[in-house]
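Next come two complexes built around subunit A: one with subunit B, the other with subunit C.
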Partner chain A sequence: MASATMTLIASQVLGSSASSVTFSSIPQTYKDLKIISSTRDISSGNPSSNMTVQFNGDATTKYSQTILRGNGGSASAVQGGSYTYWLNYVISSGSASTANTFGSEEFYIPNYISSTTKQSFSFGAGENNSSTAGNQWIGIVANYYQGTSPITSITLDLNGNTISTNSSFYLYGIKNS
Partner chain B sequence: MTETPTKVIVCCAEHDHANDPACEIKADSVIVPLTADEIAANEAAAAQAQADADARAKEQAALDALKASAKAKLVAGQPLTSEEADTLVI
Partner chain C sequence: MATATYVPLATQTLGSATSTITFSSIPSGYTDLRVVLENIQAASGCLTYGRINGDSGSNYSYTSLYAQTNTPNTTNASNQTYLNLVSAVGPLSSSPSFMSLDIFSYTSSTYKTMLVNWAEDYNSGGVAENNVQLWRNTSAITSLSFFNSSSVNFLAGTTATLWGI
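And then the complex of A and B:
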(Lines of atoms letter the chains of each structure in order from A and count residues from 1; the text may use other names and numbers.)
(Lines give C-alpha, C1' and ligand atoms only; values in the text may rest on other atoms or scores of the structure.)
Protein backbone atom coordinates (compact mmCIF):
# COMPACT_ATOMS: atom_id res chain seq x y z
CA MET A 1 0.00 0.00 0.00
CA ALA A 2 1.34 3.39 -0.94
CA SER A 3 2.02 5.75 1.91
CA ALA A 4 1.83 9.51 1.88
CA THR A 5 5.04 11.47 2.27
CA MET A 6 5.72 15.04 3.30
CA THR A 7 9.01 16.49 2.06
CA LEU A 8 10.62 19.79 2.94
CA ILE A 9 11.03 21.63 -0.37
CA ALA A 10 12.59 24.81 0.98
CA SER A 11 12.89 26.87 4.13
CA GLN A 12 13.86 30.38 5.08
CA VAL A 13 14.70 31.76 8.51
CA LEU A 14 15.19 35.50 8.23
CA GLY A 15 18.63 36.70 9.27
CA SER A 16 17.42 40.28 8.87
CA SER A 17 14.01 41.85 8.57
CA ALA A 18 12.29 41.77 5.19
CA SER A 19 9.05 42.87 3.57
CA SER A 20 8.23 39.54 1.94
CA VAL A 21 9.38 35.99 1.31
CA THR A 22 8.83 34.35 -2.08
CA PHE A 23 9.16 30.65 -2.81
CA SER A 24 9.89 30.50 -6.54
CA SER A 25 10.36 27.66 -9.05
CA ILE A 26 8.22 25.34 -6.92
CA PRO A 27 8.60 21.76 -8.22
CA GLN A 28 5.49 20.47 -10.00
CA THR A 29 6.01 16.94 -8.72
CA TYR A 30 3.87 16.87 -5.57
CA LYS A 31 0.14 16.57 -5.01
CA ASP A 32 -0.35 19.20 -2.31
CA LEU A 33 1.65 21.96 -0.65
CA LYS A 34 1.85 22.95 2.99
CA ILE A 35 3.37 26.15 4.39
CA ILE A 36 4.22 26.47 8.06
CA SER A 37 5.53 29.76 9.37
CA SER A 38 6.28 31.69 12.52
CA THR A 39 6.27 35.46 12.14
CA ARG A 40 6.36 38.75 13.95
CA ASP A 41 5.47 42.15 12.52
CA ILE A 42 7.87 44.86 13.66
CA SER A 43 6.27 47.84 11.97
CA SER A 44 2.59 47.61 12.78
CA GLY A 45 1.33 49.37 15.88
CA ASN A 46 -1.37 46.76 16.25
CA PRO A 47 -1.07 43.72 18.52
CA SER A 48 -1.76 41.46 15.58
CA SER A 49 -1.31 41.75 11.84
CA ASN A 50 -2.35 40.06 8.64
CA MET A 51 -0.24 37.77 6.54
CA THR A 52 -1.13 37.94 2.87
CA VAL A 53 -0.49 35.25 0.28
CA GLN A 54 -0.33 35.60 -3.50
CA PHE A 55 0.31 32.98 -6.15
CA ASN A 56 2.41 33.37 -9.29
CA GLY A 57 2.64 37.13 -8.69
CA ASP A 58 -1.09 37.39 -9.34
CA ALA A 59 -2.41 40.58 -7.69
CA THR A 60 -5.79 40.55 -9.43
CA THR A 61 -9.12 40.09 -7.67
CA LYS A 62 -9.23 36.29 -7.83
CA TYR A 63 -9.05 35.55 -4.12
CA SER A 64 -11.95 35.02 -1.70
CA GLN A 65 -12.25 33.85 1.90
CA THR A 66 -14.48 32.96 4.81
CA ILE A 67 -12.88 33.70 8.15
CA LEU A 68 -13.79 32.65 11.68
CA ARG A 69 -11.78 34.55 14.24
CA GLY A 70 -11.65 35.25 17.94
CA ASN A 71 -9.55 37.36 20.25
CA GLY A 72 -10.30 35.88 23.63
CA GLY A 73 -13.02 38.43 24.31
CA SER A 74 -15.30 37.96 21.34
CA ALA A 75 -15.64 35.97 18.13
CA SER A 76 -16.88 36.88 14.68
CA ALA A 77 -17.00 35.66 11.10
CA VAL A 78 -16.54 37.45 7.81
CA GLN A 79 -16.80 36.42 4.17
CA GLY A 80 -15.47 38.35 1.23
CA GLY A 81 -14.51 38.01 -2.41
CA SER A 82 -12.61 39.91 -5.09
CA TYR A 83 -9.60 40.21 -2.83
CA THR A 84 -6.13 40.61 -4.32
CA TYR A 85 -4.65 38.09 -1.89
CA TRP A 86 -5.50 35.50 0.70
CA LEU A 87 -5.29 36.89 4.17
CA ASN A 88 -4.99 35.23 7.53
CA TYR A 89 -6.17 37.57 10.28
CA VAL A 90 -4.18 36.32 13.15
CA ILE A 91 -0.83 35.38 11.92
CA SER A 92 1.57 37.89 13.27
CA SER A 93 2.25 39.23 16.69
CA GLY A 94 2.31 42.96 16.14
CA SER A 95 4.73 45.39 17.70
CA ALA A 96 2.20 46.28 20.40
CA SER A 97 2.33 42.75 21.80
CA THR A 98 4.80 41.15 24.16
CA ALA A 99 8.43 41.32 23.04
CA ASN A 100 9.82 38.30 21.20
CA THR A 101 6.46 36.61 20.74
CA PHE A 102 5.73 35.22 17.30
CA GLY A 103 2.48 34.15 15.65
CA SER A 104 2.12 30.68 14.14
CA GLU A 105 0.50 30.04 10.79
CA GLU A 106 -0.26 27.18 8.45
CA PHE A 107 -1.63 26.96 4.91
CA TYR A 108 -2.65 23.72 3.19
CA ILE A 109 -2.99 23.97 -0.61
CA PRO A 110 -4.32 20.83 -2.34
CA ASN A 111 -3.87 20.15 -6.06
CA TYR A 112 -1.59 23.11 -6.61
CA ILE A 113 -0.52 21.87 -10.08
CA SER A 114 -4.07 21.55 -11.39
CA SER A 115 -5.38 23.76 -14.18
CA THR A 116 -8.53 24.53 -12.26
CA THR A 117 -9.32 26.89 -9.40
CA LYS A 118 -7.69 26.23 -6.02
CA GLN A 119 -9.14 25.84 -2.56
CA SER A 120 -7.33 25.82 0.74
CA PHE A 121 -7.68 26.12 4.45
CA SER A 122 -5.40 27.99 6.78
CA PHE A 123 -5.18 28.89 10.40
CA GLY A 124 -3.12 31.12 12.56
CA ALA A 125 -2.72 32.12 16.17
CA GLY A 126 -0.87 34.74 18.11
CA GLU A 127 -0.68 34.52 21.89
CA ASN A 128 1.28 36.58 24.38
CA ASN A 129 1.12 37.50 28.02
CA SER A 130 -0.52 40.87 27.52
CA SER A 131 -3.51 41.40 29.78
CA THR A 132 -5.06 43.77 27.24
CA ALA A 133 -8.23 42.35 25.73
CA GLY A 134 -7.87 41.77 22.01
CA ASN A 135 -4.11 41.28 22.05
CA GLN A 136 -4.46 37.56 21.36
CA TRP A 137 -5.95 36.12 18.22
CA ILE A 138 -6.83 32.77 16.74
CA GLY A 139 -8.56 32.11 13.46
CA ILE A 140 -9.36 29.57 10.81
CA VAL A 141 -9.92 30.46 7.19
CA ALA A 142 -11.44 28.81 4.11
CA ASN A 143 -9.76 30.10 0.96
CA TYR A 144 -10.64 30.07 -2.73
CA TYR A 145 -8.45 31.19 -5.64
CA GLN A 146 -9.84 31.55 -9.17
CA GLY A 147 -6.45 31.32 -10.88
CA THR A 148 -6.22 28.29 -13.16
CA SER A 149 -2.47 28.14 -13.72
CA PRO A 150 -0.42 25.65 -11.72
CA ILE A 151 1.19 27.36 -8.75
CA THR A 152 4.91 27.91 -9.34
CA SER A 153 5.58 30.67 -6.84
CA ILE A 154 4.11 31.83 -3.54
CA THR A 155 4.73 35.21 -1.93
CA LEU A 156 4.01 35.82 1.75
CA ASP A 157 4.08 39.26 3.30
CA LEU A 158 2.51 41.30 6.11
CA ASN A 159 0.38 43.64 4.05
CA GLY A 160 3.18 46.12 3.51
CA ASN A 161 4.61 45.83 7.01
CA THR A 162 8.02 44.44 7.97
CA ILE A 163 8.67 40.84 8.96
CA SER A 164 11.00 40.43 11.93
CA THR A 165 14.40 38.77 12.02
CA ASN A 166 14.11 35.10 13.06
CA SER A 167 10.71 34.70 11.43
CA SER A 168 10.67 31.30 9.75
CA PHE A 169 8.99 29.84 6.66
CA TYR A 170 8.85 26.19 5.63
CA LEU A 171 7.39 24.88 2.35
CA TYR A 172 6.50 21.20 2.21
CA GLY A 173 5.42 19.03 -0.69
CA ILE A 174 3.02 16.16 -0.07
CA LYS A 175 2.68 13.03 -2.22
CA ASN A 176 0.18 10.25 -1.82
CA SER A 177 2.39 7.57 -3.36
CA MET B 1 19.90 56.64 7.93
CA THR B 2 16.87 54.52 7.10
CA GLU B 3 17.61 51.04 5.81
CA THR B 4 16.30 50.17 2.37
CA PRO B 5 13.51 47.58 2.73
CA THR B 6 14.26 44.22 1.20
CA LYS B 7 12.49 41.10 0.02
CA VAL B 8 13.69 37.51 0.14
CA ILE B 9 13.39 35.16 -2.85
CA VAL B 10 13.97 31.43 -2.37
CA CYS B 11 14.56 29.13 -5.36
CA CYS B 12 12.87 25.79 -4.72
CA ALA B 13 14.20 24.03 -7.85
CA GLU B 14 16.60 21.14 -7.38
CA HIS B 15 19.27 22.29 -9.78
CA ASP B 16 22.74 23.79 -9.76
CA HIS B 17 21.61 27.32 -8.99
CA ALA B 18 24.84 28.98 -10.03
CA ASN B 19 25.19 27.24 -13.36
CA ASP B 20 21.68 26.34 -14.50
CA PRO B 21 20.45 28.99 -16.97
CA ALA B 22 16.93 28.27 -15.76
CA CYS B 23 17.73 29.58 -12.28
CA GLU B 24 16.59 33.17 -12.13
CA ILE B 25 18.36 34.09 -8.91
CA LYS B 26 21.53 31.96 -9.26
CA ALA B 27 21.45 30.97 -5.58
CA ASP B 28 19.37 29.11 -3.00
CA SER B 29 18.04 32.46 -1.87
CA VAL B 30 18.73 36.15 -2.38
CA ILE B 31 17.90 39.36 -0.54
CA VAL B 32 16.77 42.05 -2.96
CA PRO B 33 16.30 45.76 -2.16
CA LEU B 34 12.80 46.97 -2.97
CA THR B 35 12.34 49.35 -5.85
CA ALA B 36 10.81 52.78 -5.24
CA ASP B 37 7.55 51.52 -6.74
CA GLU B 38 7.54 48.48 -4.43
CA ILE B 39 8.23 50.68 -1.40
CA ALA B 40 5.36 52.99 -2.37
CA ALA B 41 3.05 49.99 -2.87
CA ASN B 42 4.04 48.61 0.54
CA GLU B 43 3.38 51.94 2.22
CA ALA B 44 -0.04 52.13 0.59
CA ALA B 45 -0.84 48.54 1.60
CA ALA B 46 0.24 49.17 5.18
CA ALA B 47 -1.89 52.32 5.37
CA GLN B 48 -4.89 50.46 3.98
CA ALA B 49 -4.31 47.57 6.41
CA GLN B 50 -4.24 50.03 9.31
CA ALA B 51 -7.46 51.65 8.09
CA ASP B 52 -9.06 48.21 7.79
CA ALA B 53 -7.90 47.28 11.31
CA ASP B 54 -9.30 50.52 12.70
CA ALA B 55 -12.63 49.89 10.96
CA ARG B 56 -12.78 46.34 12.31
CA ALA B 57 -12.02 47.56 15.84
CA LYS B 58 -14.75 50.20 15.58
CA GLU B 59 -17.22 47.62 14.25
CA GLN B 60 -16.33 45.20 17.06
CA ALA B 61 -16.69 47.90 19.71
CA ALA B 62 -20.13 48.78 18.40
CA LEU B 63 -21.18 45.12 18.44
CA ASP B 64 -19.85 44.66 21.98
CA ALA B 65 -21.81 47.73 23.12
CA LEU B 66 -25.01 46.37 21.56
CA LYS B 67 -24.49 43.00 23.27
CA ALA B 68 -23.91 44.67 26.64
CA SER B 69 -27.01 46.81 26.19
CA ALA B 70 -29.09 43.78 25.18
CA LYS B 71 -27.91 41.85 28.23
CA ALA B 72 -28.68 44.71 30.58
CA LYS B 73 -32.18 45.13 29.14
CA LEU B 74 -32.90 41.39 29.34
CA VAL B 75 -31.89 41.34 33.00
CA ALA B 76 -34.07 44.40 33.67
CA GLY B 77 -37.01 43.00 31.69
CA GLN B 78 -37.00 45.86 29.22
CA PRO B 79 -37.76 45.59 25.47
CA LEU B 80 -34.78 45.30 23.10
CA THR B 81 -34.25 47.26 19.91
CA SER B 82 -34.07 45.19 16.72
CA GLU B 83 -30.29 45.83 16.54
CA GLU B 84 -29.87 44.53 20.08
CA ALA B 85 -32.04 41.49 19.35
CA ASP B 86 -29.87 40.69 16.34
CA THR B 87 -26.91 40.14 18.67
CA LEU B 88 -28.66 37.24 20.42
CA VAL B 89 -27.85 33.63 19.50
CA ILE B 90 -31.00 31.51 19.69
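And then the complex of A and C:
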Protein backbone atom coordinates (compact mmCIF):
# COMPACT_ATOMS: atom_id res chain seq x y z
CA MET A 1 0.00 0.00 0.00
CA ALA A 2 1.30 3.42 -0.87
CA SER A 3 2.28 5.66 2.02
CA ALA A 4 0.34 8.79 2.75
CA THR A 5 2.17 11.84 1.45
CA MET A 6 0.03 14.51 3.08
CA THR A 7 -0.65 13.98 6.75
CA LEU A 8 -2.50 16.05 9.29
CA ILE A 9 0.04 16.87 12.01
CA ALA A 10 -2.15 19.03 14.23
CA SER A 11 -5.29 21.12 14.16
CA GLN A 12 -6.80 23.82 16.31
CA VAL A 13 -10.44 24.88 16.01
CA LEU A 14 -11.02 27.63 18.49
CA GLY A 15 -13.77 26.99 21.02
CA SER A 16 -13.18 30.45 22.43
CA SER A 17 -11.42 33.54 21.17
CA ALA A 18 -7.64 33.68 21.35
CA SER A 19 -4.79 36.11 20.80
CA SER A 20 -2.63 33.65 18.88
CA VAL A 21 -2.27 30.04 17.83
CA THR A 22 0.98 28.08 18.06
CA PHE A 23 1.96 24.76 16.57
CA SER A 24 4.91 23.51 18.59
CA SER A 25 7.08 20.40 18.59
CA ILE A 26 6.55 20.05 14.85
CA PRO A 27 7.92 16.65 13.79
CA GLN A 28 11.04 16.80 11.65
CA THR A 29 10.06 13.88 9.47
CA TYR A 30 8.43 15.57 6.50
CA LYS A 31 9.77 17.47 3.52
CA ASP A 32 7.30 20.36 3.40
CA LEU A 33 4.62 21.91 5.58
CA LYS A 34 1.25 23.28 4.59
CA ILE A 35 -1.01 25.41 6.76
CA ILE A 36 -4.67 25.97 5.93
CA SER A 37 -6.61 28.35 8.12
CA SER A 38 -9.95 30.12 8.27
CA THR A 39 -9.92 33.14 10.55
CA ARG A 40 -12.02 36.02 11.71
CA ASP A 41 -10.81 39.06 13.63
CA ILE A 42 -13.22 40.25 16.32
CA SER A 43 -11.31 43.27 17.53
CA SER A 44 -10.39 45.12 14.36
CA GLY A 45 -12.82 47.70 13.02
CA ASN A 46 -11.75 47.08 9.46
CA PRO A 47 -13.44 44.64 7.09
CA SER A 48 -10.09 42.98 6.50
CA SER A 49 -7.15 42.55 8.82
CA ASN A 50 -3.76 40.95 8.90
CA MET A 51 -2.31 37.61 9.87
CA THR A 52 1.29 37.43 11.06
CA VAL A 53 3.55 34.41 11.16
CA GLN A 54 6.72 33.77 13.16
CA PHE A 55 8.95 30.71 13.34
CA ASN A 56 10.64 29.24 16.41
CA GLY A 57 9.67 32.32 18.42
CA ASP A 58 12.06 34.39 16.31
CA ALA A 59 11.02 38.07 16.43
CA THR A 60 14.17 39.44 14.82
CA THR A 61 14.30 41.17 11.44
CA LYS A 62 14.77 38.05 9.34
CA TYR A 63 11.49 38.21 7.42
CA SER A 64 10.76 39.76 4.00
CA GLN A 65 7.99 39.59 1.42
CA THR A 66 6.81 40.48 -2.06
CA ILE A 67 3.06 40.82 -2.37
CA LEU A 68 0.61 41.10 -5.25
CA ARG A 69 -2.75 42.24 -3.94
CA GLY A 70 -6.17 43.43 -5.06
CA ASN A 71 -9.25 44.80 -3.35
CA GLY A 72 -11.82 44.77 -6.10
CA GLY A 73 -10.98 48.33 -7.11
CA SER A 74 -7.24 48.45 -7.63
CA ALA A 75 -4.36 46.02 -7.91
CA SER A 76 -0.89 46.74 -6.63
CA ALA A 77 2.33 45.15 -5.50
CA VAL A 78 4.61 45.84 -2.56
CA GLN A 79 7.94 44.52 -1.39
CA GLY A 80 9.55 44.95 1.99
CA GLY A 81 12.25 43.48 4.18
CA SER A 82 13.71 43.41 7.67
CA TYR A 83 10.30 42.60 9.10
CA THR A 84 9.91 40.79 12.41
CA TYR A 85 7.23 38.51 10.93
CA TRP A 86 5.56 37.52 7.71
CA LEU A 87 2.47 39.58 7.19
CA ASN A 88 -0.18 37.79 5.18
CA TYR A 89 -1.99 41.03 5.40
CA VAL A 90 -4.89 40.86 3.04
CA ILE A 91 -6.50 38.11 4.89
CA SER A 92 -8.82 37.75 7.78
CA SER A 93 -12.32 39.12 7.69
CA GLY A 94 -12.50 41.81 10.34
CA SER A 95 -15.15 42.68 12.86
CA ALA A 96 -16.76 45.19 10.49
CA SER A 97 -17.34 42.61 7.78
CA THR A 98 -20.45 40.56 7.18
CA ALA A 99 -21.31 38.24 10.06
CA ASN A 100 -20.37 34.60 9.69
CA THR A 101 -17.63 35.26 7.13
CA PHE A 102 -14.07 34.07 7.62
CA GLY A 103 -10.89 34.81 5.72
CA SER A 104 -9.01 31.92 4.14
CA GLU A 105 -5.28 31.41 4.06
CA GLU A 106 -2.86 28.84 2.67
CA PHE A 107 0.87 28.69 3.39
CA TYR A 108 3.21 26.26 1.69
CA ILE A 109 6.64 26.00 3.34
CA PRO A 110 9.13 23.74 1.53
CA ASN A 111 12.25 22.26 3.14
CA TYR A 112 11.32 23.39 6.63
CA ILE A 113 13.95 21.17 8.27
CA SER A 114 16.83 22.45 6.16
CA SER A 115 19.73 24.41 7.60
CA THR A 116 19.37 27.04 4.91
CA THR A 117 17.07 30.04 4.73
CA LYS A 118 13.41 29.36 4.04
CA GLN A 119 11.09 30.46 1.26
CA SER A 120 7.35 30.13 1.10
CA PHE A 121 4.32 30.85 -1.04
CA SER A 122 1.06 31.97 0.49
CA PHE A 123 -2.37 32.88 -0.76
CA GLY A 124 -5.04 34.54 1.28
CA ALA A 125 -8.27 36.39 0.94
CA GLY A 126 -11.24 37.82 2.75
CA GLU A 127 -14.57 38.09 0.93
CA ASN A 128 -17.74 39.42 2.55
CA ASN A 129 -20.27 40.25 -0.17
CA SER A 130 -19.58 43.97 0.01
CA SER A 131 -19.99 45.90 -3.24
CA THR A 132 -17.54 48.49 -1.94
CA ALA A 133 -14.01 48.09 -3.27
CA GLY A 134 -11.56 47.90 -0.40
CA ASN A 135 -13.86 45.96 1.90
CA GLN A 136 -12.28 42.73 0.72
CA TRP A 137 -8.78 41.69 -0.22
CA ILE A 138 -6.97 38.98 -2.05
CA GLY A 139 -3.22 38.52 -2.07
CA ILE A 140 -0.47 36.29 -3.38
CA VAL A 141 2.73 36.44 -1.38
CA ALA A 142 6.33 35.32 -1.82
CA ASN A 143 7.86 34.99 1.64
CA TYR A 144 11.50 34.76 2.68
CA TYR A 145 12.86 33.92 6.15
CA GLN A 146 16.58 34.18 6.82
CA GLY A 147 16.57 31.85 9.80
CA THR A 148 18.66 28.74 9.21
CA SER A 149 17.36 26.52 11.99
CA PRO A 150 14.80 23.84 11.23
CA ILE A 151 11.29 25.03 11.93
CA THR A 152 9.97 23.44 15.09
CA SER A 153 7.22 25.88 15.97
CA ILE A 154 4.94 28.29 14.14
CA THR A 155 2.94 31.07 15.74
CA LEU A 156 0.07 32.77 13.94
CA ASP A 157 -1.79 35.82 15.17
CA LEU A 158 -3.80 38.73 13.86
CA ASN A 159 -1.19 41.39 14.48
CA GLY A 160 -2.27 41.83 18.08
CA ASN A 161 -6.01 41.52 17.49
CA THR A 162 -8.33 38.82 18.79
CA ILE A 163 -9.09 35.67 16.79
CA SER A 164 -12.74 34.63 16.76
CA THR A 165 -14.31 31.44 18.01
CA ASN A 166 -14.65 28.86 15.22
CA SER A 167 -11.47 30.05 13.51
CA SER A 168 -9.59 26.95 12.40
CA PHE A 169 -5.94 26.08 11.79
CA TYR A 170 -4.67 22.88 10.19
CA LEU A 171 -1.00 21.93 9.89
CA TYR A 172 -0.09 19.26 7.33
CA GLY A 173 3.18 17.49 6.71
CA ILE A 174 4.02 16.50 3.14
CA LYS A 175 6.47 13.85 2.01
CA ASN A 176 7.72 13.32 -1.50
CA SER A 177 8.09 9.58 -1.15
CA MET B 1 0.59 4.06 9.54
CA ALA B 2 -0.54 7.58 8.80
CA THR B 3 -4.00 8.01 7.38
CA ALA B 4 -4.24 9.45 3.91
CA THR B 5 -5.55 13.01 4.05
CA TYR B 6 -5.82 13.77 0.35
CA VAL B 7 -8.40 11.32 -0.93
CA PRO B 8 -9.84 11.21 -4.45
CA LEU B 9 -13.62 11.02 -4.12
CA ALA B 10 -14.71 11.14 -7.75
CA THR B 11 -13.37 11.92 -11.18
CA GLN B 12 -15.01 12.56 -14.53
CA THR B 13 -13.46 12.82 -17.97
CA LEU B 14 -15.99 14.00 -20.48
CA GLY B 15 -16.50 11.62 -23.39
CA SER B 16 -18.62 14.12 -25.28
CA ALA B 17 -19.58 17.77 -25.09
CA THR B 18 -21.50 18.45 -21.89
CA SER B 19 -23.15 21.53 -20.47
CA THR B 20 -22.78 20.76 -16.75
CA ILE B 21 -20.34 18.82 -14.61
CA THR B 22 -21.82 17.75 -11.29
CA PHE B 23 -20.51 16.11 -8.15
CA SER B 24 -23.38 14.97 -5.95
CA SER B 25 -23.76 13.06 -2.68
CA ILE B 26 -20.48 14.46 -1.41
CA PRO B 27 -19.59 12.66 1.83
CA SER B 28 -19.21 14.70 5.00
CA GLY B 29 -16.17 12.94 6.49
CA TYR B 30 -13.48 15.42 5.49
CA THR B 31 -12.36 18.88 6.58
CA ASP B 32 -11.91 20.53 3.20
CA LEU B 33 -12.65 19.80 -0.44
CA ARG B 34 -10.55 20.40 -3.52
CA VAL B 35 -11.85 20.35 -7.09
CA VAL B 36 -9.41 20.28 -9.98
CA LEU B 37 -10.65 20.95 -13.51
CA GLU B 38 -7.99 20.24 -16.07
CA ASN B 39 -7.81 20.27 -19.82
CA ILE B 40 -10.80 22.60 -19.68
CA GLN B 41 -12.00 23.38 -23.17
CA ALA B 42 -15.25 24.90 -24.33
CA ALA B 43 -17.05 25.17 -27.63
CA SER B 44 -16.52 28.94 -27.72
CA GLY B 45 -15.22 31.73 -25.53
CA CYS B 46 -17.08 31.91 -22.23
CA LEU B 47 -16.69 32.16 -18.48
CA THR B 48 -17.01 29.22 -16.11
CA TYR B 49 -19.48 29.32 -13.24
CA GLY B 50 -20.44 27.04 -10.38
CA ARG B 51 -23.27 26.41 -7.95
CA ILE B 52 -23.43 24.73 -4.57
CA ASN B 53 -26.27 22.44 -3.49
CA GLY B 54 -28.22 23.67 -6.52
CA ASP B 55 -28.58 27.11 -4.93
CA SER B 56 -29.44 29.74 -7.57
CA GLY B 57 -30.19 32.49 -5.06
CA SER B 58 -28.18 35.71 -4.81
CA ASN B 59 -25.89 34.20 -2.20
CA TYR B 60 -22.52 34.32 -3.93
CA SER B 61 -19.81 36.99 -4.10
CA TYR B 62 -16.19 37.14 -5.15
CA THR B 63 -13.05 39.22 -5.34
CA SER B 64 -10.54 38.52 -8.09
CA LEU B 65 -6.92 39.34 -8.78
CA TYR B 66 -5.70 38.56 -12.29
CA ALA B 67 -3.27 39.44 -15.03
CA GLN B 68 -3.83 39.16 -18.76
CA THR B 69 -0.93 41.25 -19.95
CA ASN B 70 1.66 43.19 -18.04
CA THR B 71 -0.75 44.89 -15.67
CA PRO B 72 -2.53 43.26 -12.75
CA ASN B 73 -6.25 43.85 -12.36
CA THR B 74 -8.78 43.29 -9.66
CA THR B 75 -12.56 43.16 -9.58
CA ASN B 76 -15.33 42.12 -7.26
CA ALA B 77 -19.08 41.53 -7.29
CA SER B 78 -21.69 40.90 -4.62
CA ASN B 79 -25.07 39.14 -4.59
CA GLN B 80 -24.30 36.90 -7.54
CA THR B 81 -26.39 33.84 -8.39
CA TYR B 82 -23.39 31.61 -9.06
CA LEU B 83 -19.70 31.17 -8.33
CA ASN B 84 -17.83 33.29 -10.87
CA LEU B 85 -14.76 31.10 -11.14
CA VAL B 86 -12.90 33.16 -13.73
CA SER B 87 -13.41 36.84 -14.44
CA ALA B 88 -10.85 37.49 -17.19
CA VAL B 89 -10.65 34.91 -19.98
CA GLY B 90 -12.48 31.62 -19.55
CA PRO B 91 -12.01 28.34 -21.37
CA LEU B 92 -11.35 28.33 -25.08
CA SER B 93 -11.74 25.72 -27.79
CA SER B 94 -8.14 25.99 -28.90
CA SER B 95 -6.12 25.54 -25.71
CA PRO B 96 -6.78 23.98 -22.32
CA SER B 97 -7.24 25.80 -19.04
CA PHE B 98 -6.61 24.65 -15.48
CA MET B 99 -8.57 25.43 -12.34
CA SER B 100 -8.26 24.39 -8.71
CA LEU B 101 -10.98 25.23 -6.21
CA ASP B 102 -10.25 24.83 -2.48
CA ILE B 103 -13.35 24.80 -0.29
CA PHE B 104 -12.67 25.20 3.40
CA SER B 105 -14.70 23.68 6.25
CA TYR B 106 -17.40 22.59 3.84
CA THR B 107 -19.56 21.00 6.52
CA SER B 108 -19.35 23.89 8.97
CA SER B 109 -22.29 25.98 10.10
CA THR B 110 -20.60 29.20 8.99
CA TYR B 111 -20.58 30.79 5.55
CA LYS B 112 -18.22 29.05 3.12
CA THR B 113 -15.12 30.60 1.57
CA MET B 114 -13.22 29.19 -1.38
CA LEU B 115 -9.93 30.00 -3.07
CA VAL B 116 -9.54 29.58 -6.83
CA ASN B 117 -6.50 29.33 -9.08
CA TRP B 118 -7.18 29.70 -12.79
CA ALA B 119 -4.44 29.42 -15.41
CA GLU B 120 -4.31 29.30 -19.16
CA ASP B 121 -1.79 30.27 -21.78
CA TYR B 122 -2.26 30.07 -25.51
CA ASN B 123 1.12 31.28 -26.68
CA SER B 124 -0.12 34.63 -27.90
CA GLY B 125 -1.82 35.44 -24.62
CA GLY B 126 -3.19 34.00 -21.44
CA VAL B 127 -4.47 34.70 -17.99
CA ALA B 128 -3.32 33.99 -14.45
CA GLU B 129 -6.03 34.51 -11.88
CA ASN B 130 -6.63 33.97 -8.19
CA ASN B 131 -9.97 34.73 -6.66
CA VAL B 132 -11.87 34.24 -3.43
CA GLN B 133 -15.48 33.12 -3.42
CA LEU B 134 -18.06 33.38 -0.66
CA TRP B 135 -21.28 31.38 -0.42
CA ARG B 136 -23.55 32.87 2.21
CA ASN B 137 -25.16 29.70 3.45
CA THR B 138 -24.64 27.70 6.62
CA SER B 139 -25.60 24.30 5.19
CA ALA B 140 -23.06 21.59 4.60
CA ILE B 141 -21.99 21.29 0.99
CA THR B 142 -23.34 18.10 -0.57
CA SER B 143 -23.19 18.87 -4.29
CA LEU B 144 -21.20 21.02 -6.70
CA SER B 145 -21.92 21.85 -10.30
CA PHE B 146 -19.92 23.65 -12.95
CA PHE B 147 -21.21 25.21 -16.16
CA ASN B 148 -20.29 27.91 -18.64
CA SER B 149 -21.84 31.25 -19.49
CA SER B 150 -24.28 31.38 -22.40
CA SER B 151 -24.80 27.60 -22.01
CA VAL B 152 -21.54 26.89 -23.82
CA ASN B 153 -20.62 23.21 -23.56
CA PHE B 154 -17.47 21.82 -22.03
CA LEU B 155 -15.71 19.79 -24.72
CA ALA B 156 -14.80 16.12 -24.56
CA GLY B 157 -11.59 15.55 -22.65
CA THR B 158 -12.31 18.07 -19.92
CA THR B 159 -11.51 16.31 -16.63
CA ALA B 160 -12.90 17.07 -13.20
CA THR B 161 -11.66 15.51 -9.96
CA LEU B 162 -13.03 15.97 -6.44
CA TRP B 163 -10.71 15.42 -3.47
CA GLY B 164 -11.50 15.17 0.21
CA ILE B 165 -8.85 16.54 2.57
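One rule holds for everything that comes next: the second predicted complex is superposed on the first by the 173 of 177 C-alpha atoms of A that agree within 3 Å, B and C clash if a C-alpha of one lies under 4 Å from a C-alpha of the other, contacts with A are read in each partner's own complex, and residues count from 1 in each chain.
In the analysis below, a contact is a pair of C-beta atoms (placed from the backbone, for glycine too) under 8 Å apart; a residue touches a chain by one contact, two chains touch by 3 or more.
This one's a predicted model, so the numbers in the text were calculated from it and none came from an experiment.
Is A:49 touching anything from subunit B or subunit C once the two structures are fitted on A? First, second, both or neither.
first
Going by the touch definition up top, name the partner, subunit B or subunit C, that contacts more of subunit A.
The partner that reaches more residues of subunit A in the superposed model: C.
Taking the superposition on A as described, I'd like to know which of subunit B and subunit C A:38 touches: first, second, both or neither.
The answer is second: A:38 touches subunit C but not subunit B.
For A:70, is the partner it touches subunit B (first), subunit C (second), both, or none of the two (neither)?
So A:70 only meets subunit C here.
Of the partners subunit B and subunit C, which touch A:162 in the superposed model: first, second, both, neither?
In the superposition, A:162 touches subunit B alone.
Go through the superposed model and pick first if A:101 touches only subunit B, second if only subunit C, both, or neither.
The answer is second: A:101 touches subunit C but not subunit B.
With both complexes overlaid on chain A, does A:26 touch subunit B (first), subunit C (second), both or neither?
first
Which residues of subunit A are in contact with subunit B in one complex and with subunit C in the other?
Comparing the two interfaces on subunit A, one with subunit B and one with subunit C, the shared residues are 73-74, 76.
What residues on subunit C touch subunit A, complex-wise?
It is residues 1-6, 31-32, 61-65, 71-79, 102, 104-105, 108, 110-111, 113-115, 117, 130-134, 136, 138, 165 of subunit C that touch subunit A.
Contact residues on subunit A for subunit B in the complex?
9-10, 12, 14, 16-27, 43-46, 49-50, 73-74, 76, 134, 159-162, 169, 171
Going by the contact rule at the top, pick out the subunit B residues touching subunit A in the complex.
Against subunit A, subunit B makes touches at 5-14, 22-25, 28-29, 31, 34, 38, 41-50, 53, 57, 60, 63-64.
In the complex, go through subunit A and note every residue touching subunit C.
1, 3-8, 11, 36, 38, 68-77, 98, 100-104, 106, 123, 125-131, 133, 136-140, 166, 168, 170, 172
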